[in-house]
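Shown below is the structure under consideration.
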């Protein structure tokens, strides 16, 4: 009897060790690796969309607009900001930093772009906004309602924002985004693009999205 | 084998001697590793390939060793499925040779593609129309099969057999090996054929392009046939060489002869079909595309290639090995098998390099390709990888079941 | 033993579980995927940034053709150049050099700050210096020379373009006390001498090819860069139009122009003049010529008597006697029948122009050849006529104010030019850089030119750069001449600078191209004009007084006022082009459209080009300023200058080119290609990409010969050979081409640079090393297009 | 995979008039500027250099003075049927778009196996043997609309498909959802100084190309392969047409004889 139980004991220990190994490494793979693989950056300037949009009552098009040739301006360059901020407006710390560090030194702000696509992608804002009449929020989420810039979480290997690929993968997402404020809404992966294109019967030819 | 509980202890050379033997091949392997490093770090500009010769010596060697590795699946098929029991003596060795060939080929392919880190795209974004997709899938899957076939060999190791789980695993695998043999045969059949199809479907390349029945099933079967003819020849060569190097008898002499005879018969069938293919292609396919037969054979890719492939390394070894007295003589056996193997290398060379050398556009010229040392080093590395793995397998695994008995 | 095994098994279990656990987590797959994405985003592969799109017009400065271009900008970067459809010269067509110009602007051979040489001239080392120091050194050197009373030994070699910068250079030298602004020669200079001799005009010939029905080109590489490329290509395109123009190409070898012309007339090298006279013979014999024009406006056609009563034979009897088609056939190898046909073709397709000047304008021929060709235009009465030949009209710019000169300046300026141009020996030439002598020079400026590489008189050029005591290079890139300077004052390139072009080559319209900076200067460089102004200011005194402006932009603004004052012409724009296409003149005068100068200036800055669709050439008399006030088949000026006794010496005639020399059985001819800039300028890498591998392979240059020549010399395709001439030898490889005339070795120009960047340096050999420059006794210009040679296998 | 018979409404194609072409190279230079094609110190190695549009020079082989040359600019043929490169790509990195007829690709998906290059009869595809590198500040002129490729991938002419996207963007900006004639033109066609190159929808009679391809002068390269290239050539010279290998019967004899007559 004792011999048998000793054997069973041994087997049980073996199984336990096996399971322990499984759990530990699964956990490492699921939570620890994403934390290692991604790094978080602060935006250089504490920008508030709400302030500009609601309190100053600017329209979105003041900063984000189409150029004459139908290409998209994206994040405004310093000269757009300088239309108002050529001198310090208000007393906030962010404004002080912005004016002294960037406006006065005539230095472009190196914004981290959550939605920056890989360089092989040519995304046409025009086709999505003007032709398909998609709202900005469809892809970008309620960015316009942010009071502070969200942390920028970037993959160390690929140098892409996690939004571009990984927000669709809930496990990685939950390992990365620690609080709701850190979450950048939306996803920009190719699979998402393709899904929507197929659903709407839009061309999925390579050159439609790739350059 | 599964019934044997106690393996005899086999006599092996001393450790220093073995290490000395290994060290030569390891050096060669390291040279190849350096070449591979250069190709991966600096890019494929390190090779002699160019926009005309997009495939070089690596693909030639790939095709050749995959063809030669066919010995594994074919022997497996004959042994497990058709119950050719005489093959029991060397089925283990055949599996190891097959494993070496396939893993070596995949290793070489990884360096050959421009973006190895993206290599998995061919699975992830597979294009079902591409012959290459089929080849990649089948080769990879077949490598899995070979790995599984390899496992029982490992579990027969004396030390490993001490562990009950692994022993059981090995024994059970053995029981179902017939399934894997069948799967392997199926997969091999496909990709050996597809490798031919890879070039046969290139309608821009009049040298290898075949139409209609000439491509399917003709080219497919030509490739399969040539592979299963050459595979056993390589197995024979390897066994013979191992016997020579270890100075031990490993298999019954008649076994080798029977294997060689098999090879020769298949070779003859292949040659007949190949001749038919060539004649049809030279007289119908090529002229339809505005080419004369001689347009394809320009210096240095001259007519000697066809001669070598067909006569010297085709008919000659076939005849040698068909004569019982010749194949029972070690010298002629080796010559016959060696020529068979060289024939297939030459055939695969023509299919890759010469195919690309023939200009497609009328205002292009014949071009010549010569590989760089980096390319050769990796070829050498694959060969030394094979030697090392086979040496280790021979030393530590029980590759030849009758070894103890024959040297008893 | 037992414990060991346990531990081993436990470790194995843990490792097995761990591997399975890890593999079942997303991590390994994500790592594999991320590595693949890393390859798609390699940090060393550049990502061109987006930005605000803009298109701005500009002038192409890759050559002096003066084509209008349109530059695409993305934010602060220039990313593309296309032709400007609204420019009257090229109407949207530009050559590959223009298309690739950004490779030069952003190229590796640009100089980024003033440099002072520390090493030797052969092996220079460069030390960056500040602009203050560089200009200070130049000024100090000039002061020193002036103090020594040797200001007339200050020489400046510049390009052959008509521009305000060149006028400022001339002005600067005058203010300092020197006459020696020496322009690099071009084939145009020979044409100018022919014009001076036959029409008495100091100026340029202008061909109205837009309206001609036939263009008879005597060896001009019309499609390889002759004149304004865009303009010539428009003419070529007209050969396919419904009402086509015919291009007759007379040339020994099958050049691109020859292969694309309506008709190619293969001819023995150097006998083009004889063929022109042969055609003249048929025209006169058959009375196909414009008898009215010849009678009224020509001198020396019929036999005549001079004031002393001495009889002279006229052009008519000269040509009828000497240049019968059979005789010409013997000279040129062109069949007599063909000559007759050509003459009829020429006469039947009026208006037709005969144009001369070999190569793309960098090759130099004998002046009599050009006179012979030009006499065809006069015979047909095509002087000052639509579709014929004009004298290039002037652009009504405000002249620069008079130079203020101090005592030393006045003294130095009174001394004759060092190159002998305009002297009794060479009365008709403006500049003769080949006559410069290093030991007469105290200081040498080299502005925007590359004499060390490009001058036909290579011995002179090399001596200049070896021995001239102080060389200052004003250059935007490190060319061979700049590389041998003592001090480099780096210039902005065409798209970053203020500049202008006053004369577009060969166009009968006055055209003014204004070039303004499109982007901030990339480096610590300046405009040539700005540099001169700064040096003048540093020198002070009357020199500073002569340069009262603050910047080059200011100078140009001042000059353009002259255009505004005349009120003529129009600014190049879509509307202007539309009107031009409909054959309309400007709607109202310029001053009605732009009442204030500011409005005109603003528009000119946008559109870069002013031109006059009605050239206002005035009466024929204005184009005939010879002593006889007529077109002179017999040049009295030539007689006066050289006192030739023989009548033929003052008339167009054929002089055999001495291309035979003992021991040299072949003729080496220079080949102008479009791909290579042959005037010593930079050739962008994308043009090198276009070169066939039987022009350049590795660093080896190929010369081309006929397979029959090869057969005689026992040579084969690809052979390495030595091409040798009395001047020198080069090692090249052979390419056999049936389009090359038997006995000719064609060597392409523009290779063999020793400076510039790795994309151009050490590629092939410089054809100048074998081509011999002879001197034309009349013009003093080199005769430089062919030389006796031989070829031997290595 | 390509369709058996092209049914799509738009088929962008090109017609190149070889009678007009002078081989000036402006198309190629414009193409390479537009598409961020890299360059190297030694561009004379034509077997390894990068050229989306190559200009071949052919001769009639006759003796002086009857020798003549012709230039054949060769962009991607954009094969319409049995598109050789598309069917062979194992990673689906290249694709035939039915809506425009363009053969396009995703360079970042290419694994660099080069099978497509072996398959392409026209030597259109180039492999990035090296990492592209631009000297000094030359990176500054790169076109943001085309991503520079990395080493180890195959690339080819795209008929400037990015210009198609731009044209669409521009049209939308002007309130149109369709393209007008001339909105979308590849860089090479735009740059051709003699209008030897024409571009447009081969199915739309409004475009000149739709008529030109029916000209008796029209032919295509290697027609016998039945890849149905959408790049047509025009020439009035029989010997030029023969160079294109247009006619299998006549070519047979001419083929070998004329092998020598090639310039590049």
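As written, the chains take the letters A, B, C and D, and residue 1 is the first residue of each chain.
Note that in this section contacts are C-beta pairs under 8 Å (C-beta built on N, C-alpha and C of every residue); 3 or more make two chains touch, one makes a residue touch a chain.
Here is each chain with its UniProt name: A = Cytochrome C; B = Molybdopterin oxidoreductase; C = 4Fe-4S Mo/W bis-MGD-type domain-containing protein; D = 4Fe-4S dicluster domain-containing protein.
Everything numeric here is computed off the predicted structure, so don't read it as measured data.
What is the identifier of the chain with the smallest separation between its Cα mean and the overall Cα mean?
D
Need the most distant chain from subunit B (Molybdopterin oxidoreductase), centre defined as the mean of C-alpha atoms.
Farthest chain from subunit B (Molybdopterin oxidoreductase), going by C-alpha centroids: C.
So which one's got more C-beta contacts, B-D or A-C?
Between B-D and A-C, the larger count of C-beta pairs in contact belongs to B-D.
Could you give the separation in Å between the centres of subunit B (Molybdopterin oxidoreductase) and subunit D, each centre being the mean of its C-alpha atoms?
39
Measuring centre to centre with CA averages, how many angstrom lie between subunit A (Cytochrome C) and subunit B (Molybdopterin oxidoreductase)?
Result: the chain centres lie 49 Å from each other.
For subunit A (Cytochrome C) and subunit C, let me know how many angstrom lie between their CA-based centres, rounded off.
55
Measuring from the mean C-alpha position of subunit C to the mean C-alpha position of subunit D, what distance in angstrom results?
Taking the mean C-alpha position of each chain, the two centres sit 33 Å apart.
If I count partner chains per residue in subunit D, which residues reach a count of at least 2?
In subunit D, the residues touching two or more other chains are 45, 93, 108, 131, 147-148, 150, 152.
Enumerate the residues of subunit A (Cytochrome C) that touch no fewer than two other chains.
68-69, 71, 118-120
Which subunit B (Molybdopterin oxidoreductase) residues sit where two or more other chains touch them?
115, 118, 121, in rising order.
Give every touching pair of chains, nothing left out.
A-C, A-D, B-C, B-D, C-D
Contact residues on subunit A (Cytochrome C) for subunit C in the complex?
13-15, 17-30, 33-34, 37, 67-69, 71, 73-74, 77, 118-120, 155, 157-160, 165-166, 169, 171-172
Any idea which subunit B (Molybdopterin oxidoreductase) residues touch subunit C in the complex?
For this pair, the touching residues of subunit B (Molybdopterin oxidoreductase) are 115, 117-118, 120-121, 163.
Can you name the residues of subunit D that touch subunit A (Cytochrome C) in the complex?
Answer in residue numbers: 93-95, 97, 99-100, 102, 104-108, 145-148, 158, 161-162, 164-166, 168-173, 177.
Under the stated contact criterion, what part of subunit B (Molybdopterin oxidoreductase) meets subunit D in this complex?
Touching subunit D from subunit B (Molybdopterin oxidoreductase) are residues 43-45, 50-55, 112-115, 118-119, 121-122, 124-127, 129-133, 136, 198-199, 201-205, 287-292, 295, 355-356, 360-365, 367.
Considering only the defined contacts, which subunit C positions touch subunit D in the complex?
Against subunit D, the touching part of subunit C is residues 39-40, 42, 44-51, 74, 77-83, 93-96, 99-100, 102-103, 105-108, 110, 223, 229-230, 233-234, 236-237, 240, 254, 256, 259-260, 264, 266, 522, 674-675, 684-694, 696-699, 706-708, 737-742, 757-759.
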